[in-house]
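Each of the next two complexes has subunit A plus one other chain: subunit B in the first, subunit C in the second.
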Partner chain A sequence: MIALLIRDMRLSIRAGGGFGLGLAFFLIVTVLVPFGVGPDTAILTRIAPGILWIGALLACLLSLDRVFQLDFEDGTLDLLATAPMPMEGAVMVKALVHWLVTGLPLTLAAPLLATLLHLGAEGKFWLFVTLLIGTPALSMIGTFGAALTVGLKRGGLLLSLLVLPLYVPTLIFGAEAARRGSEGMAVTTPLLMLAGITAGAVALLPFASAAAIRINLR
Partner chain B sequence: MELAVENLAVSRGGVPVLEGVSFTLTAGQVLILRGPNGSGKTTLLRCLAGLQPPLAGTVSMPPEAIAYGAHADGLKSTLSVAENLKFWANIYGTGEITRAMNDFNLTHLGARPATNLSAGQKRRLGLARLLVTGRPVWLLDEPTVALDQASVKMFADAVRAHVAGGGAALIATHIDLGLEAAIFDIGACRADPDSGAALVGAFDEAFE
Partner chain C sequence: MPMSLWQYANPVKFMALSAKVLPWVTGLTVLTLVTGLIWGFFFTPGAVNFGTSVKIIYIHVPSAMMAINIWIMMLVTSLVWLIRRHHVSVLAAKSAALIGLTMTIIALITGMIWGQPMWGTYWAWDPRLTSFLVLFLFYLGYMALWAAVENPDTAADLTSVLCMVGSVFALLSRYAVNFWNQGLHQGASLSLDKEENVSDVYFQPLLLCLAGFVLLFVTLLLIRTRSEVRRRRVQALEMRERMADG
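Moving on to the complex of A and B:
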């Protein structure tokens, strides 16, 4: 499993691997919003947590179809399925790599980019915390969607349609916690709900994803 | 060690393609699988490798003893030859690639990205993967595609060395590899696609 992790990280960093793609998209969204909304700082501060969360979510979505598709096309997935490694473990590694390549950079960059949306110091802190807790769920749910559509050519659109509704709870609680934090209110309830979604996704979805892949490989 | 297949039936896309497949493969033996295009050779091999469940029948050996060499080599074009092979060696827990690189004459290509290899060189790298799996039974699906005569001989030598060391190989191929091998023709095992019994099996499979 460590070997798979190292290989996938190496692949994502090399040419055409897609590292930084999500980050660049996130940057562009955050830069464009003030142009669209106008320079009113009060409005920007208010919408900042929601916009940044939606931006992070869409950036995650952008690279999902690569999670299994490339391995499926060149036959690696067949060979991995016959290798002495449980498919659940392979799915976990794939989700972890997706998070390391998109979720983690987004989380680290979000407080910096939040400056463009005039978010205060406290808001930046809670944005960072909610993204740190919430983005693993985005990667895990997205990996599940990718596993469901792995056999389909050009399944990207279907993947988005499948995954976006599943992202709704994460978005609601993540953005809500970040908004409350930026306005100085108590964040405990939405933060716990967000953590619960992440824990549940990480605990259950590897099994569902592995089953979906096995069926798709038949 | 013995791979005994009894009365196996397999389907492709819900349509039964083979039934009543029975053969035995013991250590030190090579079995050549023959049959016209579309007769179900790949489906049979995928079933034995554990990638799809059989409709009926038994396979005596668990998929954990089997190394499967598919049509696709599963190479990553941005990784070098050595990195590609090293990955599979680590996955299978053997970690040693020097012998496999030597046997398939890949040593001088070690640092080259797989994207710059010729079709035959890619195939050799794909076959070298079998050596690093350390598994006793090789299932090979058209292993000599894109190989020149010298490489086919290199491959045959590798198979010979493998079976001499107590391994076994089941090879679906149309060419003569020059191996001491039994031949199993699956043409006689073709299933009737409309047979009622097989359709019931497919129906049950959908609701498992």
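Moving on to the complex of A and C:
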């Protein structure tokens, strides 16, 4: 598993595309928002947590079709399926790599970008915390979507259609916790729910994703 | 052989039985729906505070109920497919999706039409409205996956897995949305075990409409599943012909 992790990390960092692209997309979305809603500081502060959450979510979505596609095309996925490691483990690693190259950088960049939207220090802190807790769920769910669409020629658009509804609860609890945090309200409930979704997704979704991969390789 | 429900998983038996049942169900559907709607529309008084607009309830509530129940039915038939590999079962799920989608749209639109005079707005981010919008997206995704995968068995497996995972997330969304915004809807006013329901004048035609919508669903489901089975057969025939040619 560790060998696969290292290999995938190397591939995704060196092969270009995914790694920087997600961050650049996140930056551009954040820059575009004030153009859309106007430069009023009060409004920007109020919508900043939600905008940054949506930006992170879309940036996550952008790199999802690469999670399995290359490995499917060159046959690596078949080898993984016949390897002694269970498919569930391989799926876990894939999701972890996706999180390390998109979720984690996005989380680290979010407080910085929050400055552009005039989010206060407390808001930045909670934004960082919620993204840190929530993005693993985004990667897990996204990996499931990628597993469903791995055999398809043009799965990209379908992937978004499948994954975005599944992102709804994560987005609601994540953005709600960040918003409450930035306004100085109690964040415990949404934060716990968000953590619960992440924990549940990490625990259960690998089985569904692995099943989908096996079906697609048949 | 002992009688069991499972024998209708055999497409031949299913086709024979559904051919026999279909005209009866169709007739019963027409009868219930027509009676229920006419009773509801013309022979109930307008309610206090609501006026005549209350009568849209006879379409709004049944379609909303069906929209949710059809998803549950799809979950059950998908599970049956995954566990026992009965083709009719998964074809029924596939056929149900479009009906469910239509019911969701009907519920949303009648809700909008009703919401304008009652709440003064066509749309509000009320939990139930939002949940239905999310449910609508789930139906769309499920159908899109069916349409995208070429191999029918692969498509059946993938959509079944999606249906299972989707059900969990749909339920989660429901609670998330509830948490996110308190709504305009009243609490549950229809249940069989409660003493106090909507007054009987409205309740009786409403029950009839609910039954009518269930029957309507069964009719449409039978028709669509039958055409799916036939489509499968045509595909098999074409395949065999190609094999013979090549």
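Annotations
Here is the rule we use: the second predicted complex is superposed on the first by the 215 of 218 C-alpha atoms of A that agree within 3 Å, B and C clash if a C-alpha of one lies under 4 Å from a C-alpha of the other, contacts with A are read in each partner's own complex, and residues count from 1 in each chain.
In this section, contacts are C-beta pairs under 8 Å (C-beta built on N, C-alpha and C of every residue); 3 or more make two chains touch, one makes a residue touch a chain.
Owing to the predicted nature of the structure, the values given are computational and were not obtained by experimental measurement.
Once chain A of one complex is fitted onto chain A of the other, the partner contacts of A:F144 are limited to subunit C, with no touch recorded for subunit B. In the superposition on chain A, A:L112 makes contact with neither subunit B nor subunit C. By the touch criterion defined above, A:A203 reaches neither subunit B nor subunit C.
Once the two complexes are laid over each other on the shared chain, residue contacts for A:T82 go to subunit B alone; subunit C is not touched. Touch criterion met: A:R218 reaches subunit B and subunit C at once.
Using the contact criterion defined above for the overlaid structures, shared-chain residue A:V37 touches neither subunit B nor subunit C, since it reaches no partner. Of the two partner chains, subunit C is the only one touched by A:F173; subunit B is not.
Common to the subunit B and subunit C contact sets on subunit A are residues 218.
Interface residues of subunit A, counted against subunit B in their complex, comprise 2-4, 7, 10-11, 14-17, 71, 74-76, 78-85, 217-218. On the side of subunit B, the complex with subunit A involves touching residues 46, 49-53, 63-64, 66-68, 70-76, 78-79, 83, 87-88, 90-93, 129.
Residues 141, 144, 148-149, 151-152, 155, 158, 161-162, 164-166, 168-169, 172-173, 176, 189-190, 193, 197, 205, 208, 211-212, 215-216, 218 of subunit A are the ones that touch subunit C when the two sit in their complex. Residues 134, 137-138, 140-141, 144-145, 148-149, 154, 157-158, 161-162, 164-166, 169-170, 172-173, 175-177, 179-180 of subunit C are the ones that touch subunit A when the two sit in their complex.
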